[in-house]
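There are structures below to look over.
Here subunit A shows up in two complexes: once beside subunit B, once beside subunit C.
Here is the complex of A and B:
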């Protein structure tokens, strides 16, 4: 038996989804009926694609947060600052050392991976067994520290930088819209990264072991899985994903020591996705990015910045477990 | 004393005066017991007697405050669980503790986490599928979708996938129907008899444990109060009275040690 409030919320939820779908599709319908001209539609599609692209970046940061949360039940508020460090690493290999883009990107992501491992070993590992709240506070401190560290590093500092990429200043025609290759590259590379992560978690022994640790830490110990070392690796993986995000964000948002505040867009994305689901984090990020684009298109200036939290508020009221949160199945 | 010492030397696993705490609470006190190579030893005791604590202390989840744990002559007390597992001890925990969202196949794969010999792992997968055909049929389902009895089979199979020298079994009969319980104990006997895997079996179901194991220890309030061959234990007057009351063998679950008594 479901109560009438449950049924009411379910109905409101369906209504909201319909409303959102209409919001996304309306310009296409208007164009088809002749009420909107091709230029305006092209502009809309550009907004949509750039929203999806920035959504991909939110998604990757959210993914890192959820990865760490699932394994260690800690919320890493420094995840955005890991993105920032990753962006500076890319800036170093590509912008300062002048390496070819692909090679520089690879090196930077590898360095971000090692940096994540270093952070876990130095800051988080000594706190194992402390209350989760203390560890969360420490991650906030880690964020401050990283911003200061980058600000003090010669060659990095508090200025803004750009990274030259093979995509910058190139466009592709998509119907009536002109899409920046930067945006297209972000979307395609995020898709590739998601595919790679899926294969890693589903097919490799270490990936399955990471899931096992997240699901039942005690049983993982019984299997002889080195749980603590896997935590370290998970931090490394999260930092590497954040590194990719930083690399991809750099050409559209500049590299600077405060860019980590993007975490305040990634957190609502993670919550929207249910906070404990990797696919949820991805879709949550995309939804936040696209919602911002829609807000930018339909609403007056300023609404774009609060779109993520307005959306979060609505979803939490109507569907508190998140868009993908499963309320049925619990851990045994 | 010297006879006991040499018995310790020959045994696969030997605990000597082991004590473990939960915070300030002492859960087991001065526990000494041994498991011979290829043998099967049972630990019997009521709820809260400390049976699970003994197994957790052996597998490195808990650190003994006192005493010594020798496995193949090597001290493993207080070692890391992953080290203990790699020495050849597999722990099938109380309450199954499967990985609920992983497939049955991946659960079994995690059982073999410490191993590198890929081909032999494939052979062992077939071996546990032969013991528990249901696990083969359900290979792609998440373990959380199995019934309780099927999860118990999975937990045992997952333990076997480590190809252990010693298997620690914590109440494998818990919550099983009489029929399934008999099936599982038959398999436990085969694992021990045909493959020579030594077993330390923790049970509340004394009749089943005494019929299956060779040597038994009776635990009360964290202390071992009695130990003897299972044959003699099952003739022991107190055991007969309190653990083997006639006719109630099947309905465990409700009948978990209703009556309590001290052996002195």
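Here is the complex of A and C:
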């Protein structure tokens, strides 16, 4: 049954999508009609690409949050700090040990995977069966603990670091725009990671089992799926994705113990996407990143920081279930 | 040796006695039905066999092996499958996908060959799909193959759940009130299928059921429970004629 308010909000939602799409495409149209010169279009494309790059990092953190949420119905507030640990692991293998970038990255992501498993076993597993609220509180505590732990670790500490990458200080020409190779690398690697995750969930026995667990735990048990062990693996997977995000964020931000607060951009991204949708998390992350970059460039100072939340407010009012969310109440 | 032997099984929830020194055994190839009024301990017994509950005392032997030593997710691998009174399907998935998930324990291919979809993984996937189609064919579910469970009527979901249990090729099938929520015609179909599952697929069937028409139609032996104790065991006719059973259902004056 649809009431007139539902139809009204649906119409406003379609209008907003159209408006946003037009807004993003407008400079290209202006350029085509000759109202905008190539240099200005170049600036615009650069903002778009750098926004998409940071958006990819938000998307990966959001992806980790959604992965854990879908399977265990717990929100992991320490997801940003897992990214931070991942970035420090990359800093260790590449920056301190001086390993080649690809090898160091691979080792760091593998270490992040193991670290996620360790976190689940040590902190979350003992709480299985407790109210979701308690587990959420514990993830907040885990975040504090990780920040302090990194600050106390010799060689890491509270200083800021950078990771040398083969992309740093190189650019590519894209039409009238000059794109940093760092940004291009982030976008391409995120696309590759999404493809790999898609194959993993669609094709492999473990991936399908993870989907089954998030759909119906009880039934998954009786299909012979070891549900608890899968929770551990999902934490590992989430931490590995966060590790990749940390690795990619490092060259455009800095590696430091507070970089986990990026989670406050990833959470709106996840909500924007519908919170229980993996594609939604990616789209949400991209939207937040691009909106931030454009707001930072074209709007007065301060708008950049509120862009994510302003967007979130609008979406929550017009379409509370998020972009890819399923409408209707959660079954209890 | 019986397929399933239950010895002095005891279960309590707080002060409530759900099962009291229950002994019974299910023979291979048998259709064994448990009846009893609400709270008799029928579903509790199912939940213990599928290792959802840990009993207070007693033992369950499946093919001579102590079932209570196994974790719940290892039970399907032993060849035991079950359905639920209130249906536990993967609602966002299609009928075919639910069947394929039923075959989870039968998937053999390695992680990498699956990820790269190598010929070996493809062959196995084809075999699983073939088996799933066979079961959908058997239960006349082909028309719903690609529909999501959330869009299906209750009666169809019930059959899908039965199909998903069959997909794992069980030796012992536990059916928790297969007729609940079904109309008279669907219940008749269910009776035929239960017979066919035993005769054609060779599974032993243990069911909990309220509908006495279905019980009489399919059961080889019936066990009547009341307040966690066995009241009567025998053929459907013997058990329905039993005075203690009538009293448990209808009250002391009957």
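List of remarks:
The rule we apply is simple: the second predicted complex is superposed on the first by the 325 of 332 C-alpha atoms of A that agree within 3 Å, B and C clash if a C-alpha of one lies under 4 Å from a C-alpha of the other, contacts with A are read in each partner's own complex, and residues count from 1 in each chain.
To be clear about the criterion, a contact is a pair of C-beta atoms (placed from the backbone, for glycine too) under 8 Å apart; a residue touches a chain by one contact, two chains touch by 3 or more.
In this text the structure is predicted, and so the values were computed from the model without any measurement.
On the shared subunit subunit A, the superposed partners subunit B and subunit C overlap sterically.
Of the two partner chains placed by the overlay, subunit B and subunit C both lie in contact with A:215. Of the two partner chains, subunit C is the only one touched by A:200; subunit B is not. Residue overlap on subunit A between its contacts with subunit B in one complex and with subunit C in the other: 205, 208-209, 211-212, 215-216, 218-219, 221-227. Those residues of subunit A that touch subunit C in the complex are listed here as 196, 199-200, 203-206, 208-209, 211-212, 215-216, 218-219, 221-227.
Looking at the complex, you find that subunit A touches subunit B at residues 205, 208-209, 211-212, 215-216, 218-227, 329, 331-332. Those residues of subunit C that touch subunit A in the shared complex are 50, 52, 71-77, 81-82, 84, 88-93, 100-102, 104-105, 107, 109, 111, 114-115, 117, 121, 164, 168. Contact residues on subunit B toward subunit A in their complex (touch as defined above): 59-61, 80-82, 84-86, 90-91, 93, 96-102, 106, 109-111, 113-114, 144, 151, 158, 162.
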